[in-house]
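As written, the chain order gives the labels A, B and C, with residue 1 at the start of each chain.
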Amino acid sequence: MPGIGVDVVDVERMKFALERTPRIRQRLFTEDEIAYCERFRFAERHYAGRWAAKEAVTKALGCGLIQWNGVEVIRRRRRAPSVRIFGKIKSFADMVGVGEEDLYISITHSELSAVAVCVVRREQISG
Amino acid sequence: MPGIGVDVVDVERMKFALERTPRIRQRLFTEDEIAYCERFRFAERHYAGRWAAKEAVTKALGCGLIQWNGVEVIRRRRRAPSVRIFGKIKSFADMVGVGEEDLYISITHSELSAVAVCVVRREQISG
Amino acid sequence: MPGIGVDVVDVERMKFALERTPRIRQRLFTEDEIAYCERFRFAERHYAGRWAAKEAVTKALGCGLIQWNGVEVIRRRRRAPSVRIFGKIKSFADMVGVGEEDLYISITHSELSAVAVCVVRREQISG
């Protein structure tokens, strides 16, 4: 397992995709993620950040993006973002002995780019 | 504690901010940081990198940017950059049991973007 | 040892360098890396990603880029990328007690930028 994943997404490219194919929102993001992103004026930046996070998580696990919508980014007020995993990605993580609580992510975006990093840390290690 | 933080800053945006409001230097950076950045022709790239590092550190700690100028990036010739923390950010780090020596950062910039990553590693772990 | 390294490379800048000085391929990349990158229509994005990875590895080790071509990125189908190190960089890694198997990398590129992150994890830790 690589244990580290990074992903960069061009904000303009996400904007273009969202405009051309509005329903990719539902294909790529969960209902809560859509609700979160649509609150912002430059929603594309937030979508780009979330998409980067999903990719970063699957790279850190070493499975790649075997399922759209198998990773959800959770935001709580004044808390760092956390991650939920589902379906095939959850199964893969189980197989390699990684739980949701071992996945640490950070997300950032500028006007141009969104970048996310994920590291896997097991409790016995990071404790 | 997230333990990982990433931040990206557009170089052009930093340049614009520095030109429009020259005194943000003193507001956002320490004296030594200003001296370091001003040595370079494209000082905005170095300011952008440092700003990204400050954000990355506060994200990794999980406190967010609760104080401007609570993180200083230290450069020594031929050494990786290191970090000093102050004030509210130092207090937060104390509370969660993290010392300056547990904060590892890396900074990079291109013409477009500066990116910084911070990981928290406690000695007993990374030993 | 910093233990974390990040690097960003502008894709346009790499494209320009490859066009102006075609033989930088041989100077900066191994034969296998060149073969890999040239398979892609936008080869410059892949060269940029690899270059970012080399820089990220030397930053994580704390030696800096003391040798061109001292780091090779290995890709195997459906596997996360891994790293080989040579020459001076290998010697430096030996000195600080880090083996190739302790170097974890992740690489990403968009149309604009390539970003790579490297973390050092020793087996006894990440076990």
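By our rule, a contact is a pair of C-beta atoms (placed from the backbone, for glycine too) under 8 Å apart; a residue touches a chain by one contact, two chains touch by 3 or more.
Not measured: the values here are computed from a predicted model.
At the interface between subunit A and subunit B, two copies of one sequence, fewer than half of the residue numbers in use are shared by both copies.
Superposition angle, subunit A onto subunit C, using Cα atoms only: 120 degrees, a multiple of 5 between 0 and 180. If you average the Cα atoms of subunit A and of subunit B, the two centres end up 24 Å apart. Among all residues of subunit A, those that touch two or more other chains are 6, 112-113, 115, 117, 119, 125.
Residues of subunit C that touch subunit A in their complex: 6, 78-80, 104-119, 121, 125-127.
Residue ranges of subunit A in contact with subunit C, taken from their complex: 2-10, 13, 55-56, 59-60, 62, 64, 112-113, 115, 117, 119, 125.
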